[in-house]
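Okay, so subunit A shows up in both of these, paired with subunit B first and subunit C after.
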Partner chain A sequence: MVRDMSIFFRRRRRQKEQDDKEQKKQPSSKGNAEKDKDKNKDDEKANKHAEEWEKELSKSTDYQKKDYINRKTGKKFIFTFIPTLVEEKVLDNNALPPLLEEEFLKIIDVKKLLPIADVEVSSDTKKIAQKLLDGYVLLTLEEDTREFAFFSAKKTVVRSVTSPEIEFSVIGPKEAFVESIGDNLNMVRTRLPVKELIIEEYTVGKLSRTKVAVIYIDGITNKEIINTVKQRIDDIVKDEIADSSYFTQLIADNGNSPFPQLLDSERPDRVASSLAEGKVAIIVDGSPHALIGPTSLTEFFNAFEDYFLNWILATFIRMIRLFAVVFSIMITPLYVAVVTHHYELIPKDLLVTLVASRRVVPFPPVLEALFLEVTIELLREAGARLPTKVGQTIGIVGGIVIGTASVEAGLTSNVLLIFIALSALASFTTPVYQMSNTIRLLRFPFLFMAEIWGILGMTIAFSFLIAHLLRLTSLGLPYMEPVFPLRLHDFKDALFRLPFSSQSKRPTFLRTGDSSRFSKDKAKKKKDIDE
Partner chain B sequence: MQQSIPESLKISPFMAAFVVVSMQIGIGVLGFQRIISKDAGYDAWMSVIGAGLAVHIIVWMMYKICEGVDGDVMAANIFVFGKTIGNSINTLFIIYFTMTCLTLLSGLIEVIRTWMFLSMHPIFFASVYLLLGIYIVNGGFRTVVGISLFGIVVPAYLLFSFLAPIRYGDFTNLLPIFDHTPVQMLKGAYNMTLTYLGYGVLLFIYPFIKKPKESKKWVHIGLTATMIFYTLLAVITFAYFPISLLQKSIWATLEMWKIVKLPFIERFEYLGLANWALIILPNVAISLWVASRVAKRVYHISQRKAVLFIAAVVLICVLMLDSRERINIFHDLQAKAGFILAFIYTPFLYILLLIKKKVNAK
Partner chain C sequence: MKVTRILLTLLMCCLLLVGCNPRYERKVIDDINIATGMGIDKSGDQLKGSIMIPVFKADKSMENFLFTAKGTIMRDVAAQMQQKASQPIFSGSMDVALFEEVVAREGIVQVLDVFLRDPSVGARVHLAVVDGKAQEIFEGNYGDRGNAQYLKDLIEHNMEGGNLPLTNLHSFLFNFYQQGKDPYLPYLKQESPELVNITGIAIFKDEKVIDILHENKMFYFKLLVDKFSMGQVKVKEEHGEATVKSITSDTNMKLTKRKPYEITVQIKLKGLLTEHEGTRLEKNEVKDIEKELEKQINKTCLKLLEDFQKQKVDPIGVGHFVKTKTRNFNFEKWQTDYQDVTFKVSTNVRILEVGVVE
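The block that comes next holds the complex of A and B.
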């Protein structure tokens, strides 16, 4: 095969040399000669380039060049391709029959013959290597190698669309993104079939050449936000992008923050609804998670299922979730603070219960708490790394056996065990995985501060947290919105989920081109009694 | 007259009120009752209202000054006094706000050491707290304002705790009304103005407010809210304490909290005190921000460096203020400086500005 290719190029070179000689024999007008010279130079360069890619590609064993002969003209034509990237069926069923049976003389005729949409005729050798790597087949005629044709026969390995696993909902659509960018874009487009939906594609990464699509609705999404996203994507220098989560980190406003600054979602319905709000979505090829921005802290505690439920229920569940987060972060540090520093803080009866449960524990409260917290973290980490079925067993073993045993052994108090188990449970209510990881981490600084200065230390830790959150931005917009800057209008879909009839305006902080979603008067119109 | 502030860094007029109010509510709330009743007795609640009204007039003047030069007080100083004298006065502001920061921090540390951690060494707490302040100031003015909002909204639940002492209060303590001479009342009002201090930041944040005219309304509403809060707190305290006991209570508010009983919290003052760290935080952050901003404008150094330097100075001074007497002397000094700035310097500057404008017009 290697030899085949080199012969092909040697022949090409020879042909060119002949051409050169002919030109020398017949000097045309001066201008023409100069042009030809330039052309020759270009040709030489291209040739050199072509040989280089050929040399590189032929090092791999999955590189093929095959000769075929047309039955009518008896001419030879050659397919060059990378079989691991190419769907053989396309070659066998679509490309070969017409090329073998029908008469064709020039490469340009191939366009008419092939029943394939993506056929390109070119003479630019620089393109060859990239096209081959994108799953194209190169078609050349033996006689004239200057022009050649490409046609797409890309083989894509994709799994079929499944139901969402991380953002599962009991009711509502059961479709989740897959790894193929084409399928993902299809799922978004079918949900928003308007001409204003704009998809812009970029290629990022010197090695992975990952395709990235930026999606927004023209006229609704703020131009500045779109430009920010484009600018940040242009600025990415990383050579390899494996997943959209790389993007979250690479284009985040503050890379040194444990808080996710872009919302990731595996639900096409959530992406479509965010786009309708005036946000930008980023879909990365090879990743089943789309990114949505700009986002705010409160959005990470909203499950998309909130919108499938009645607003009263949804608001109630949101409140429970927010309470769970605060509880999950604060309860263990509070225990440590009270037991270490402020036993006067709690009433006597409660203190008796606490002391009784701690009577045999030989450690200071902070070590006791750390021991249990670390155990829980270990269980969680082990559960995440192990296959599902083994993971469940680990959960049971850890939760029941270690917990009970450590209380019986007198290493921990059972009150603390209840608190820690509850706080672990509460941390699972956060609908966005990335955020629940952050909450896992936040508990520890609070724990240390509680050990040093009790509830005063917790206040200091809380202040640091607030200050950090106030400094954060998501694509240039404040992260703490609508709490700060205070926008009372945006509370309608932040801490609460008010009925759809009062959601007639898009979030103010997005500064959308068209702030009105629908006519409010019409939605709120009520009939009088007995009419 | 000065470089304009980018629109994206400005705050809404509504938020200006939060900055002013959070600066007004500081360490004073914990123990102002004893000081105001020293002279005016239990008629002091009227002094509170009187002083509150006086503050409204001063704030009105401050707005006039800023509107006059369409900038902050530093611009006004330079406009009125020329560059050399103006900048010298501006330098005094750096010292004043560094002192403010120091007063608040040392006050907070003193309360904590008295009520919570007897053996806590000031250096650790002060370092952590100042680091927090630097972190906030480094986030820019918007972060400072955000902390002001949180410093008011989060601890707002403490207001309910003041309802508990009402049940045990004896409101006949306040009778008879007008039992004191006007001079005594004025003295009480003078002492109250020290607790009210903090609205002076308006002179510095003015260029950062989006529609300054609209903010007037909010700031005055904020000032009224503070006045009502202080008046009610004074009345509740006077009802709760007999006057002889109040004269011995340095931290009357904290002592009142002892009566709060909840099914899961026995000593409420601990919770209140921990929250006070959050209430003082905007004060420290704002004064650090103002001091460093003035330093930046006057000496053309980067604000990041200025903050670090000022925080270092505060830290060293906190270590020197290690006894009750020294803290008292220092707090009095700071309060006097604040009084002079608010009630003497501000009207003086206002009048000079008017004269200068008239002269220039001719």
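The block that comes next holds the complex of A and C.
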């Protein structure tokens, strides 16, 4: 599957140029140059280069050159490759038998002979070093070194496709992306087997040479969005890319915002359905998370499972989630604000409970709240850094022991403990991990403002938050859509999820090439016989 | 860009200056005394104020504590109380304010001025006039939810489901400042150290109490002043006594004649029979009860209206009503005109249900 990957890609001219530039910097030449009998000037130059790239590569112990002799013609041929990158089975089972047994004279014949799809005949010596590093095997004949062949025998260490862990769903597909870009693209292609699905490949990073695929549906996705993505990827100057989350940060519209501006997903079904909506997906080699853009704030609170449920249930769950977000950010600051500044707002019956639990606490409400918030953050961080089994113990120790003990010791009030625990619980309902981290953080500015000016302070903090969100864009499109700019049509799949029959139009803010997903009239007809 | 930066700095300054407002001093709930009730009594020439605060105990029970002080004006009284308190007293959570009848007969607006100037005091504070001393009412012990909560609940549930018309600081001030309408407040009496009773309605002329309406007229009074009544009334007819609980009521005034003014008050009442003397309802007895009740309401309401007329008070807001119907209305002339108004009351009672027992 990985071997066939390059078939998927449409290389662009610019990319090639870039490749060429890179190759120029690296010394490269033909293999076996010392045995070359032709003595023209080019070859002399090549010989020098050849020695250079060979010198470089042979510094590593995993560089191999092997001679073989064809049994029929007695011709000598040489394999040059890097064994740590090459699948030996391919050499043993596919490449060697025909080359040893069958008759061949020229290098061109090899192409027909080898039962391998990715075979390339070339005379471009500059390519060699990079090809070897990409897991190709260089095949040269002893007498004619001007032309040579590459065939792909890349060994990839891949884990098998597992069920999604972060975006787990009870019902629905159970496959998640893996680290191999080929497998990931295969999963997306399988879900959208149309010729309009375009995959464009880029290589980013001077050292990591990470393959990046930009996926969109031609004719649906807005050209401007595609161009924005391409341009931003071209502009990346980082030397090493480890994961797609690097991309989220590198191509974000506002790098100084705590809000993620690209949606990451480990679900091929979610990527496919976003593509069908007219969005662009970015898949990065070595990362089990695809990126989807442009996105909006509401999308971060939609789990893909919402689509597997009846629309009434899905809408209800979305509402719960939205409430949980507001609750999670606001409840601790609200407690601090009310207890510190606005005693009038407390119902009389609650006053007894609040005062009785506050009475023993020696700290002002804000310190008490900070103490617990920091404890919760510590627990989360400790849980995340420790192995799973130890992590569970931490949860119990933290949740039960520290919580109860701090109340008994009179360091915190038990009312606040309930609020903090609830808000931590509520913050876990956010389906996208990146966003739930943001929500964790947002609580703190609100807390400080609540301490200083009470609810007025919270209002000020909220104004700043809203102002920031309104300015934010995702790939140039407004982040707060459909709330601002107001697009009533797009509410059908933002705060609510209306039934599929009313989802006949693609989101308006994406300005898709084809706004209609299906005919609405047909969707409403039901062809029951007994009616 | 430069302009935006300057504007932003200015905005930030404004925000920071808000912090200089002393209203944003910290009022942590366990470090303050939350006043829930205030009472004003007369003591010699001076006013005697008492402020009730709840004292919360570690076992989540509460007790009431009373600060008292004497003075001539309310602010002075309040300042004296602060001197006695270990923690500052805040009045933002006030539930009830009680006035001794003697104080109320001399006028209460000077006292209410304290409330008006303090934005933290809500408009839903319940005011009431007390038969006896306000301090005595606060000194009673009415259950474990606190005295203020008891008094508040007492007044509120009688407004919602009883014969007490809706009153609070807001409606009192509205009636007070509205020309051609006079305020009224509930009239409370401490029956025992554990019980307070609503014994009537204090009728104000401007800011002074001039009359106390007896509790058996409260139902009719509520019919006249309130749009909605849930009260209960007793009817006597030939088969015996019956009680009717009203579900809805609607009162309309109509100006039927000018010079001299004639005003027809139309009352529509829908109710249900809650009690009846005698086991069975005879045929047409419901009709009889309806008619009897209509007669009774007509008679009592007319009496009420004429009494108010004699006392030159207008809690129903007849003056206000006539003003809405008259161009270039002259209130000074109305003072004399009011005395010549003839009232007519016509009532329509419908009993919708008689209960499950036939």
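The rule is short, and it goes like this: the second predicted complex is superposed on the first by the 476 of 531 C-alpha atoms of A that agree within 3 Å, B and C clash if a C-alpha of one lies under 4 Å from a C-alpha of the other, contacts with A are read in each partner's own complex, and residues count from 1 in each chain.
One rule holds in what follows: contacts are C-beta pairs under 8 Å (C-beta built on N, C-alpha and C of every residue); 3 or more make two chains touch, one makes a residue touch a chain.
Keep in mind it's a predicted model, so treat the numbers as computed, not measured.
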item: When subunit B and subunit C are modelled together on subunit A, clash or fit; value: clash
item: Contacts of A:P365 with subunit B and subunit C, given as first, second, both or neither; value: second
item: Which of subunit B and subunit C A:W453 touches, first, second, both or neither; value: both
item: Partner chain in contact with A:T353 - subunit B first, subunit C second, else both or neither; value: second
item: Touched partner set for A:F484, first subunit B, second subunit C, both or neither; value: first
item: Subunit B versus subunit C as contact partner of A:P115, first or second or both or neither; value: neither
item: Contacts of A:E344 with subunit B and subunit C, given as first, second, both or neither; value: both
item: Partner chain(s) touched by A:G410 [first = subunit B, second = subunit C, both, neither]; value: neither
item: Stretch of subunit B, among 114-122, 186-194, 222-230 or 330-338, that runs into subunit C once the two complexes are superposed; value: 114-122
item: On subunit A, positions contacted by subunit B and by subunit C; value: 341-342, 344, 346, 348, 453-454, 456, 460
item: Touching residues (chain side subunit A, partner subunit B) in the complex; value: 341-342, 344-348, 350, 453-456, 458-460, 462-464, 466-468, 470-471, 478, 480, 483-486
item: Residues of subunit B that touch subunit A when the two form their complex; value: 11-12, 14-15, 112, 116-117, 120, 125, 128-129, 132, 135-136, 138-140, 142-143, 145-147, 149-150, 263-267, 270-271, 273-275, 277-278, 281
item: Residue ranges of subunit C touching subunit A (in the complex, touch as defined); value: 15, 18-19, 24, 26-30, 32, 34, 36, 54, 56-62, 90, 92-93, 95, 120, 122, 145-146, 148-149
item: In the complex, subunit A residues that touch subunit C; value: 339-344, 346, 348-349, 351-356, 358-360, 364-365, 452-454, 456, 460
